[in-house]
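Got some structures for you, see below.
Heads up, the next two complexes both have subunit A, just with different partners, subunit B and then subunit C.
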Partner chain A sequence: MAEASVLSEQFLRQLTAVGEVDILIGVPTFNNHDTIERVVNAIQIGLTKYFHRERCALINPDGGSTDGTPELFKNASVKDFGMLLTSSPLRTFHRVTAPFHGIPGKETALRTVFAAADLLRAKACAIFSPDSLSVTPEWVDGLIRPVYREQFDFVAPAYQRPKFDGLLVRGLVSPAIGALYGVAIHEPVGGEVGLSGRLACHFLEQDVWEQELTTFGLELWMATTAVVDQYRICESFLGPRIHAAKQFGPDVTGTIRQVVGALFLCLDRHEAFWRGREGAPQGLPLFGFPYNVALEPLRFNRRRALDTFRSQLEQLSPILEGILTPQTLLEVRDASQLSDRDFRYPDEVWVKTVYEFAAAHHRSAINRDHLLQALPLLYRGWVNSFLQENQKADAERIDRRIEALAGEFVRLKSYLMDRWTAGTGGER
Partner chain B sequence: MESDALWYKDAVIYEVHVRGFYDADGDGAGEFRGLTLKLDYLADLGVSAIWLLPFYPSPLRDDGYDIADYGNIHQAYGTLDDFRMFLEEAHRRGLRVITELVLNHTSDQHPWFQEARSSRTNPRRDWYVWSDTPDRYKQARIIFTDTELSNWAWDPVSKSYYWHRFFNHQPDLNYDNPAVREAMWEVMKFWFAMGVDGMRLDAVPYLVEREGTSCENLAETHEVLRDLRQRVDAEFSGKMLLAEANQWPRDVREYFGNGDQCHMAFHFPLMPRMFMAIKLEDRKPIVDILERTPEIPASCQWGTFLRNHDELTLEMVTDEERDYMYDEFARERRAKLNLGIRRRLAPLMEGDRRRIELMNGLLMSLPGSPILYYGDEIGMGDNIYLGDRNGVRTPMQWNGGWNAGFSSADPEQLYSPIISNPIYGYQAVNVESQRRFDHSLLSWMKRLIRLRKSTRVFGRGAIELLAPENHRVLAYVRSLGSERILVVANLSSQAQAAELDLRRWKGAIPIEMFGGNLFPPIGDAPYLLTLGPYQFYWFRLRRL
Partner chain C sequence: MKHLIAQSLNQTLGKFYNMLLLFLPHLFAMLIVVVVGWLVAIILKIIARRLLALARVNTLSEGSGITHILRKADLPPPLDLLSRLVFWVVWIGFILLGLDALDVPALHMQISRLFLLLPQIFVSLLILFVGFLAANFFSRAALLAAVNANLPSARVVSGFVRFIIFLLAIAMALEQLAVAHGTVLITFTIAFGAIMLSLAIAFGLGGRGVAQNMLERLFPQTPAGKEEDKEKTEEIPPV
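Up next, the complex of A and B:
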């Protein structure tokens, strides 16, 4: 049974009326006026089209929107199902919206969803991002079907990304998880996810809530916990992922702090697990039909980023010396001396950089906040190198390039294990 | 008999097959003498009208819907005098009698058709619809998809095709021919003059054909009905015409006209949705169809039913809904027939008494005049191993003795085997045993009917659907004048709570109608009710 404190009385009253469900979809919101209607309609059509016999509920824990998001959530309606190539729903489509208890944030919102899943005994759940512009009804099928019909417990999304989009995930988080946890999850921090009711309950029972890990890295924690606790995991191709621009979203530094910080915390938490894993990461079953559409490539100001990298490298040297081994730092410095055209941040150096940061974070070699604030500088360096190297590459070649990088993460896993408890000074 | 011309609005109608009810002469099939002997049972049950399936002379290739003589009684069912006696005895007990009139077609054995096919120049040739090619009226769908490939059948006698919307041995009459209308009016006049109170007009949407249309619900068809109604009103009073039009409510609405066509029409789409709602445990299907049901003239009435002599028709549902119904109610392939499911109420409800009661409770409280199918009041089963729809037309189970008390004939002589399985067989399910106990389904049905008839609200009142948050609970208020009845039904297999917004009736005291107990008065706060699995309440809202 869910803890009483997780669900507000208002929420509970609405959930009581919903009763037991087969499928529960959560859409946490906070001022998503511009996109929420589209997301709700897509979900409703998807449920009607693919799960018209099932008992479904859509819940919306709202973090205190002031732009009418909950009202739009409640009132969004599909006018003509026939025109959308589906028939009308057989069942009542429940929508529950209420502000949630506790500190506003994704952690509390998702905890509310999990508590609702527990309370309503949902068999399959999904979390949808409220600001997706590319959401389609097929996403419902993609995230729910593997759980509901194929008995998977965790469905990670697979997106088609614009060229050079998501490099933090593709060049750091995903290959690190693959190498260490032994599972190739391409989008461990995707905004959408599918999960079984039993896994939702399992998450709810963990002792991580209201800690730093779940506050900033919930999706990553969910993915890695599902792996560690041996739940059945798969991926589902959803197509392109385009999100509305966030007015107050975190910058690169903030994102790295949250995502990589969460990764490092997970490594701490799951040390016994990943130390025992060996070999190349296992591919996951992939549902859906992958396809490519031409997406607008993301644009970077490489010149400015490179200048920043060079100038700040020296400024941050005292901090980096407490994190990186002298050899790695030297190689980074050497790279920074190269001309713009020849600038390269070699894969091996990048992987060692990441692993040394992870180890330093584990040992709390320096203040963890300071540590995480230093990483963006090196990340920018690696991104520059990657962009330079792949400027003219197509998506397929970039994928191959990322695979090669992932191989390097695997190859150097023992390096991380060596560094995990060792210091920096003088050790090579 | 009451002289109220709108009697059908308050009626509880009992549909019965003469052949299947009681065999008085021991020949293996029921007849009017047998039915007459069982009128006390029907009066005791509390129904107010009897609807008889076709009893006319017929080759019985469609259970009597293939009529060979509109002015007589099939010899197996007795004589015209037997029928007159039955009619008189029924009226003496306050029971009205509704007969079948198959307007659309005759049997191919009817003398009219025999004459029509005899030569292309026969005066009756034009009483039917003929063609030299099977290519006319292509847009008309085939109704009996399991047996018919075309709506045209080749007549080897006159070497041309004749039109039939149903079985190929049921040629359609040609209503463009005034002589056909006159002939049918003569038939109606004959039976109404004898004392019949109402007629169910079989297959009315198909009377007239026009090229380029679906040949259903055409304006010309409505014109035929208006003409017949005018004649009925001019010559008789208190008679009722009931349209069988398996169509969407907006199309059926046309059969009422401005109160100048049929008095009643079946509400076909409601029926499967009641089954769907109880299986889905969700009121949505019922609410949706009620919201799509148009207003009808004040003098008109819907005919509502759970089961009848046909399959549970799934024509008026979407493909997804039909698939769902098949999966949930017809897992055995044999249970499917055409676009429907040939099963009785009790097997459809898996013998669950609570669900049977709930379905009947809804039937009796939703708008319309309820029609019960013989045997369903005791929870009779069916036999899906019999062909066509015969599995739901087996002999009535009167007791646990010889032939279920239906007939003294040898069992092999019966027109149909009696249901004899351990669950629904006559030894487990029969009138005599259920009469003995107050808690039997039969006794409960009697109470339900009595309660339904205790007020005119159900037959004549308006309905207002309530919208409790709990979708498993269906709630509505029926009202007529100052009388209000609140109906609350739990469609689910588990206990449910529901909060009802009853503020408009603040101060009223809900009185539970079955037990007469008072519930707490209605105030400003949401009215909380808890209901057990499949439980329902009828509350009279009284201001004292």
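Up next, the complex of A and C:
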């Protein structure tokens, strides 16, 4: 039964007129004037090309855009389907756009999509990021087909990324989930996701909506909850992921607070599950045809990041003493004193750092928000070490390096379990 | 002569005996009040301890970092500290009540004044405690913000925030006790103003270069064509 209270009157009226659908796609927006038209067209072509017999609806919960995004969403149209190597749609393509109820944010928008999926009895759903520049019609097939035709419940995206892009996910979030939940999800916080109608209803019933999981956090929670509640999960290769630059997006500290904070909250919620899991993470079925294209390499100032790490580490020591064990803190300090050329943040120390932060977060050793703000500096240190070590490596070698790191997360799982209920940093 | 001396001694001893007879009941009353007070204080300490444990004070103080600071200062955890505070406040109250039972006129007035001050002392201690919590919380927030913004001397910024908040708490506590009523407020105002002015002067004159750098970082001038340079200076890849 749909949670009518989640849907605004305006939404409810429009959705009731749509009737039941087979496929529902949600595109939550907030001031995405520059990219929304392209995303909507790609989805429309994708649905026409791959699901032309199905009843489809596209909904747009908008967070109160002031740049005309909802109008663009509604009016975006494909001029000539023939030129795009597809036939014209056989069925009416429903489009619903309305501002959503409650506090603006992705969590409210996603809740609206799930409530709509429940109301329209959708068999398959997908969430698309509104600011993707690299979206293609094939993404619709990649995210919907495994659910609609292969009976999977959750489709995590797999992207091709530039060489050093997404190191927070590849060097912390994904290996930690792999080691603790026993499933190798490469993009647990991807902007796009596919899911079955029954999983959407299951998410809707959870008590997470009023809690502190935000934007990225919710995606991570969806992935881990699907694992914990034993839904069928797979990955789908979508190709390169390029997003429009965000004018007011979170910085490194803000992103770490959201992503890592969500991971730690999920570890709290799913403690019974991950404590009982053992062994190396299992790979997921991968749909799609992985390929590589040359992406523009990322440029950055490694020396400045290293200087920041060195100069600020001592400043932060009083706080780190309350989070890390004396041994780990000593090893981090030792690493910071190495020369630029020899600088290394060893994998073991990095994994222990992450696990000790997770345990301190669980115990609320210090205010949780403060704890998460102490991590970015150490993340800078680790990233620097990773870049130094792999500056001449190709993508394949970097993947192997990440796999080795993931192995370290698995090896030290018992360390996390010991630290989980141990005393605070200063007591050891 | 001898008779007069003996009579005088007799009278003195008699007076002393009478005074002792009059004083002893007061002394016993005082001892009873003190002992009963001690028992009441212990009971209240146990109750306070249980209530504070129910309110998860230790977890909250762990989270706000107070336990860590108390541990560094070789002090017990807040649960112990607060329950001990309850014990001593109650027992000192009973001791003063007991002293009052001695019926010594000179003590009478002072004890009455002290009794009137007790609630204010308690409120002042509470203000200091909350000030301590706030100083610790905000100084840590300032330290983290300064470190993540890569500001020089993050700990100085943090220490300054802690000092100002604690100074404010002390001024408020003294104000509550009505100690040097206006003086404390004026002293605080002058001290705060002086610190701010001296910081502004030091920053403006001594640290002109630093100020310029900070302002340039806070309000970067990014004319068209400079985007590429900005990209080059990203410290780390996107997360």
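FYI, the second predicted complex is superposed on the first by the 420 of 428 C-alpha atoms of A that agree within 3 Å, B and C clash if a C-alpha of one lies under 4 Å from a C-alpha of the other, contacts with A are read in each partner's own complex, and residues count from 1 in each chain.
Note that a contact is a pair of C-beta atoms (placed from the backbone, for glycine too) under 8 Å apart; a residue touches a chain by one contact, two chains touch by 3 or more.
What you see is a predicted model; the values in this text were computed from it and never measured.
Enquirer: Are subunit B and subunit C a fit on subunit A, or do they clash, once the structures share the same frame?
Expert: Partners fit side by side after overlay.
Enquirer: Give the angle at the C-alpha centre of subunit A formed by the C-alpha centres of subunit B and subunit C in the superposed arrangement, rounded to the nearest 10 degrees.
Expert: Rounded to the nearest ten degrees, it is 140.
Enquirer: Does subunit C touch more residues of subunit A than subunit B does, or is it the other way round?
Expert: On the superposition, C touches more of the residues of subunit A.
Enquirer: Would you check which partner chain A:T92 touches, where first means subunit B only, second means subunit C only, and both and neither mean what they say?
Expert: After superposing on A, A:T92 lies in contact with subunit B but is clear of subunit C.
Enquirer: With both complexes overlaid on chain A, does A:T112 touch subunit B (first), subunit C (second), both or neither?
Expert: neither
Enquirer: Just subunit B (first), just subunit C (second), both, or neither: which does A:Q312 touch?
Expert: Second partner only, subunit C.
Enquirer: Tell me the contact category for A:A17 with respect to subunit B and subunit C: first, second, both or neither.
Expert: Only subunit B; A:A17 stays clear of subunit C.
Enquirer: According to the stated criteria, A:R53 is in contact with first (subunit B), second (subunit C), both, or neither; which is it?
Expert: Once the two structures are laid over each other on A, A:R53 reaches subunit B alone.
Enquirer: Between subunit B and subunit C, whom does A:S364 touch in the aligned arrangement: first, second, both, or neither?
Expert: second
Enquirer: Between subunit B (first) and subunit C (second), which, if any, makes contact with A:R380: first, second, both or neither?
Expert: second
Enquirer: After superposition on the shared chain, which partner residues are touched by A:S65: those of subunit B (first), subunit C (second), both, or neither?
Expert: So A:S65 meets neither subunit B nor subunit C here.
Enquirer: Subunit B and subunit C, closest CA-CA distance after overlay, in Å?
Expert: Comparing every C-alpha of subunit B with every C-alpha of subunit C, the smallest gap is 43 Å.
Enquirer: Contact residues on subunit C for subunit A in the complex?
Expert: Listed in rising order, the residues of subunit C that touch subunit A are 59, 62-65, 67-68, 71-72, 137, 140-141, 143-148, 150, 152-155, 231-239.
Enquirer: How about subunit B: which of its residues touch subunit A in the complex?
Expert: Counting only subunit B, the residues touching subunit A are 276, 280-285, 288, 318-321, 324, 468-472, 492, 494, 496-498.
Enquirer: Using the touch rule from the top, collect the residues of subunit A that touch subunit C in their complex.
Expert: My answer: residues 162, 164-169, 252-253, 255-256, 259, 298-302, 304-305, 308, 311-312, 315-316, 318-319, 321-322, 363-368, 370, 373-374, 376-377, 379-380, 383-384, 387, 424, 426.
Enquirer: Can you list the residues on subunit A that touch subunit B in the complex?
Expert: 13-14, 16-20, 52-53, 55, 87-92, 94
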